[in-house]
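By letter and in written order, the chains are A, B, C and D; residue numbering begins at 1 in each of them.
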Amino acid sequence: MTSTLSIAVIGAGYWGPNLARNFRSSEHWDLAAICDLDRARAEKLATSLGGIPVVTDLADVLADSSIDAVAIATPARTHHPIAMAALRAGKHVVVEKPLADSRELGEAMVREADERGLVLMADHTYCYTPAALRIRELVEAGELGDILFIDSVRINLGLIQPDVDVFWDLAPHDLSIMDFVLPGGLQTASVAAQGADPLGAGKACIGYLSMPLANGGVAHVHVNWLSPTKIRQVVIGGSRRTLVWDDLNPQQRLSVYDRGVDLAQQSATDRTAATVSYRLGDTWSPALPEREALSAMAAEFAASITEGRPARTDGRAGLRVLSALEAARGSLAQNGAPFAVTASPN
Amino acid sequence: MTSTLSIAVIGAGYWGPNLARNFRSSEHWDLAAICDLDRARAEKLATSLGGIPVVTDLADVLADSSIDAVAIATPARTHHPIAMAALRAGKHVVVEKPLADSRELGEAMVREADERGLVLMADHTYCYTPAALRIRELVEAGELGDILFIDSVRINLGLIQPDVDVFWDLAPHDLSIMDFVLPGGLQTASVAAQGADPLGAGKACIGYLSMPLANGGVAHVHVNWLSPTKIRQVVIGGSRRTLVWDDLNPQQRLSVYDRGVDLAQQSATDRTAATVSYRLGDTWSPALPEREALSAMAAEFAASITEGRPARTDGRAGLRVLSALEAARGSLAQNGAPFAVTASPN
Amino acid sequence: MTSTLSIAVIGAGYWGPNLARNFRSSEHWDLAAICDLDRARAEKLATSLGGIPVVTDLADVLADSSIDAVAIATPARTHHPIAMAALRAGKHVVVEKPLADSRELGEAMVREADERGLVLMADHTYCYTPAALRIRELVEAGELGDILFIDSVRINLGLIQPDVDVFWDLAPHDLSIMDFVLPGGLQTASVAAQGADPLGAGKACIGYLSMPLANGGVAHVHVNWLSPTKIRQVVIGGSRRTLVWDDLNPQQRLSVYDRGVDLAQQSATDRTAATVSYRLGDTWSPALPEREALSAMAAEFAASITEGRPARTDGRAGLRVLSALEAARGSLAQNGAPFAVTASPN
Amino acid sequence: MTSTLSIAVIGAGYWGPNLARNFRSSEHWDLAAICDLDRARAEKLATSLGGIPVVTDLADVLADSSIDAVAIATPARTHHPIAMAALRAGKHVVVEKPLADSRELGEAMVREADERGLVLMADHTYCYTPAALRIRELVEAGELGDILFIDSVRINLGLIQPDVDVFWDLAPHDLSIMDFVLPGGLQTASVAAQGADPLGAGKACIGYLSMPLANGGVAHVHVNWLSPTKIRQVVIGGSRRTLVWDDLNPQQRLSVYDRGVDLAQQSATDRTAATVSYRLGDTWSPALPEREALSAMAAEFAASITEGRPARTDGRAGLRVLSALEAARGSLAQNGAPFAVTASPN
C-alpha cells in the first residue's frame, strides 16, 4: 500500500465511533476529521482516538480538498442530503444502513455517484464478517447447490426506536446478508410483511417478512425487539448442502450439513425408515479468521476507490435492500398481503 | 381407581404403537384390542405388548359392548368415517391429530359426540407434556401478564408426506399448543400463510403462518421439512415476563425471563443506556416432572369420561386447529394474503 | 444368520430389563429365561416382553442344556460365583460391569473361561455406542495421531449406592471406554485417586483419577454423584487432531478438531499471534447411525461365540478396568499418592 | 469523588494495555505514565489512549512524588524487585498475577507493604467479574450452604509459555477465584498435582490439582493448553444449593440449582425412584450487570487506598495462591503425592 486515502466521519453518535475507530486503525486510511453538530460528543470521540481534528460544520469537511471520502453515520432521514452534498463536493461516500429512508432518495444518490464517477457504498457491516464472506464463497463455489430457502432470525430485547419500526431498524441486516450471499443478489418479486405492536408503541415491534425466490424457494426474516433471548441465526438450505450461521456461537459460527433432500428417495412408504435415512451426513464447521467486520469494510471501501470499481456492497445493493423495505411497508399498509417490489433501474 | 375402562387402538402404523403402549401401561385402561387391516402389523404390535387380541375388521370392535372407547391412529382422511362409526356405536373417541382433514367434517364429529353425550378428544399430544402443562398454569396464574406474541418453530429434516403438506403435517402441533396455553384458546381473525416448494414436490415443504391476536399481538409458526438442524422452540412474550420452551434441551426446557418491556422507559434518548437497562432481570427454570405425554393424555381421556366433562383438548380444540389450517389453505390459494378464519359454532 | 443362540438373563433388577429387552429383540438370540430370586420381579419383566419363561433357581438355568449362554446383571459381589458356576456348566457368559468386585476374582473367571474354551465378555455398554465404535475406528486409522491425553467427565446427581463408592459405580464406564479406544487398551503404570465424602456417607461421592500414559500423556477421570449439571464428555487430544465426545448432545455427539499443537511453532515470541494461529482448523462432526448400544453388544457376544474368538470387550478388558479400580482403591488408602497397577497375566 | 489518585503502569506487553486502558477511563484514577524498557511499545500504547507520558526508566516513575501508585504487568520473575522498589519509594502497588514467582518472595512483599502502611494488591482479575462478585455474595449469605466441592476447568488451546508451566500460567485464575469465594479463603492442607507433557515441551502442558477442604470436601482444578474446545467452568456444590459458572455463556453465566443432596433420603432401596427425586428443584439464573472486571479492580484499588484498608484481593490472598502453586510444584516433584501447603504467617 503506497498511499492512503483521507476520510472524515460524519456523526459521532451510536455507530460513528465504530466507524471512526476502524478507519483510524486502518492502514488504508487517514482519519482526517470527526464531524458532529454536538462538539462535545465529537471531541470525546476524537480524544479517545488519540486526538483527531473536530469539525461541527459539514461544509468545512466538504470544502477540504485533502479529504477523499466521508463516512455517514447520522440518522437515516439525513443520509440523502448529506450524501448528495458530499458527492457534489467530489467525495466518495459510504453510508450506514439503510442507504436512505426511501428507495427514491436512494436512487438519486446512486445516479449522482454514477454521473460523477464516485464510489457510493452501503455499510452493510454483516457482509464483511468472516462468516458472511465465507458463506458467499461457498455459495459461489456451488457447495450448497441451488438455494432452496434462507431463513434469518434476529431477535433480542432492544430499544424501541423513536423514528423507525423494527423492520427498518433490524431487517436491513438480514436483507443485506441475503443480498450478499444469494447469487445475483436478493431478487424477489414481492414481500409479505406481518407486523405487531402489542405494546401500543405506534409502530411494529415484531416483524416477519416472506419473499419468494425465483426457483420456488423462499426467504424469510424474523425481527423482534421484545424477545428476552437473543438469537442471530441464518439457515440457508441448498439442494446439495445446508448451512447454519449461528452468530452467537463463537466456537462454531458456521455449520455445513453435508446432505440435501433427495426427492427420488421420497417414494418410500415406510415413514420411519425414510426419516432416518435423511439424517446420515457429516457436519463440517470451517475455521474462520478473527477479523472485525468494519476493518474489512474499510479496506473494501479503499480498494473500490483505488481500483475504480463498485464496492461489494455498493449503492445498488443498498437500493435492493431499500426496495424490499419499501415493499414491506406497502404490505403492512394492506394488512400483510404480498406487495410487489419495484426494481430499481440498473 | 376402582374401575378401569376398556379401549381398542385403531391403526398400528406410525403412531398407533405409541398409543397402544401407553394405554397398555395405564392404570386407567385395559387395552382390549389392536385393530388394523394389516393383520401382520397388528400382530407384531400386539405381541410386543405381551399379547393383545388382534382384530382386522373395525365392525368387530364396534360391536363389542365391553369396549368403552377407541383411539384412532389411521390416515387423516379416514378419521371422520371411523370416528362417526365409533360414536354411533356408543364409543368414546380420541383421535390422532388432526381431528379430521377438513373443518366441516370435524364439526360433524363434534355434533355427533355432543348429541350422544360421548367424549370426543383430540390427541394433541404436546399439550400433555410437563412443559405445556406448566406453561398453561403459568399463563393462567398471570405470571406472564398479557400475551404479546407467541412464536413457534418446528423444523427438521422430515419425510415429505405423500398426502399432506408441511402445514398439515407439523403445524397442528404448534397450533394445538397455542390453543392450549392461550387464555380462551387460539382466537385469531385471520391467517396469512407463506409456503414454498423448492424441490417441486407438489406441496409446501416450508411454511410460515402469521395470526393476529386480539390485543395487537401476533402468533407465528415456522414449519420446515428441509432443515438439517432440528429446532423445537416456542417463545411466549408477555407483558410481565417472557417464556422460552426449548424442547430439545432436556436439562432446561423452560426458561422464564423475569422482565417485560416497560414502554415508559422508552423516552430515553441514549440508545445504549436504554438497551442495557432492559437486560437486568433474573431467569428462572422450573423443574419439570419426567412423564410421558401420552400417559397423561390417556389419564385425561379416562378422567373426562368418568367425570362426564369435556377433555382438556376436546373436539372443539381440535376444531380451532382445523379452522386455522383451513384458513392457511385459503391464504395459500390467494398467494399469502390473510384469509379470514371461520369460527365453528360453540 | 442361519441359527440363533439361546440365552438366559440372570437378575431382573436395574440393568437386567435392558439386557433382556435387547436379547429379546435380537435376531441372533432367543431369550430362553429370566432368572431372579424375586419371582414377582422376574414375572413382571417376562410379561412385558411378551411372555418369557421365569426361573427362580439358577441351578435350573445351568442344568438346561438348550441354553448356550447367560447374561449376569446381579450385584457386583455375586458376579464371580454366578459366572464361575455358569462357566463350569458350559455356558458362555457376559457380565454387567464391573466384571467382579476384585481383580483376583476376575482373574479366576478369565482362567476358567480360557480353560473351557468359553467366551467371557464384559458388558462394557458404552463401548458399543456408535460414538465409541467410531472413535475406535478413527484412532486405529491414525486420524488423531498419538494420543496425548484423554479426559473423561461423568457427573450428575445420582443415588449414593449402598455397596460401592462413586469410583466403582461410575468410573468403570470411563475406564472401559479408555480401554476400548486406546491402542493396546488402557495401559497405565499407576493410578492416583482423589476422593471426597463431604456428606459423611461413608464412601467417596466425588472422585478423580489420574493415570500416566506410556508416551508422557495422561488419562483423567472425574466422577461425581453430587453435581446438579449432567455432563458426559470425553476429550481425546491427539498429536494430529483432537476429538470431543459430548454424549448429551445428540445432534453433534462427536466433534473432530482438525489441528494439533505443533511444537515447532512455539518459538514465536509474540504471545497473541501464536495463540491465534492455533485456532485455525476446521471442525468435523461425523454422522453416526442410530443404534442402541446393547443391541450391538448382543450381536458381538453372539459373533464371538459363533466365530470362536474373544469378544471385543472380553474378560481381559474387564480385568484391565478392575486393575485400575483396584489401584485407585490403593491410592485412596494412601491418601492419594500414585499406586502401582498390577497387570494381569495375559 | 472529590479527588483522584495518580498511577503509572509498568509494562506495556500483553496485560499492561488492559490495565492502562482501565485506569485511563476510571473516574478514580489519573493515568500518569506508561513505563516500559521498549519505548516504541510504550508509545504505541500511550498514543492509543490519547497521549499519555512515556517513561523507559522505572527510577523516573518512582522518583515522581506526584505518582501515588504503580500497576505492575511485567514478567512474573520481575514482580518482586519492581514491587519492592516501588514500596520503598512509598507507592501503593497492584501486581498482575501471580504475585511473585515464589512464596518466599511474595512474603517479603507483603511484609514490606505492611511495614510501610501501603496497599499491596493482587490483580486477581476474575474476582472482580460480576459473576465472581455475585457468587461471593451468595456464599456469604449462606445460599449454597456448606461448600462440598468446587471444581474448576479452564482449558483451551494456548501458547506454551517459555518461562512457566500450565499450572503457573492458568491455575492462578482458578485458585484466586476459589480463594475469593470460599469463606475464609482457600484453606487447604495439601495439594496433589498431576502434570503431563506429552509433546516434550519440557514442562507440564496439562495439569490437575486436588486440594482437600476442611469439611471433607475437595477443590479440583483442570488446566490444559492443548484442548481444542474452550471451557471455563466452575461448579460449586453446596449442601443447600449448587452453582455453575459457565463463563463462556454470556446469556446465562450463573445457574443456581435449588437443591442439595439429602443424605436422609438415601435409605431408599429403589434406585430409579431415588434418582428421580433428586432432580426436582428449580434453576435460577441471576441477572448480572455488564461491567469490565478490570474497571471494578481499579475502583477497589482506589478504595482500599482511600479507606486505608486491605484490598479484597490483597497481598495475603496472593500469598495463598502462591502457597498452593508451590505445593503443586512440590507434589509434581514427588510424582503426584500430596504435598503439604506451607501457610504464610498472618
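Keep this in mind: contacts are C-beta pairs under 8 Å (C-beta built on N, C-alpha and C of every residue); 3 or more make two chains touch, one makes a residue touch a chain.
Model, not experiment: these values are computed from the prediction.
Note on connectivity: the fewest steps through touching chains from chain B to chain D is 1. With angles rounded to a multiple of 5, the C-alpha fit of chain B against chain C returns 180 degrees of rotation. With each centre defined as the average position of its C-alpha atoms, the distance from chain A to chain B rounds to 38 Å. Among the residues of chain A, those in touch with two or more other chains are 229, 279, 281, 283. Across the interface of their complex, chain D is touched by residues 252, 276, 279-287, 289-290 of chain B. Only residues 14, 146, 148-149, 151, 157-160, 162, 192, 194-201, 206, 208, 210, 212-213, 215-218, 220, 222, 224-229, 235, 237, 239, 242, 244, 255, 257, 259, 261, 263, 266, 268-269, 271-272, 274-275, 278-279, 281, 283, 335-338 of chain A touch chain B when the two sit together in their complex. Residue ranges on chain B touching chain C, taken from their complex, read 47-51, 229-230, 248, 251.
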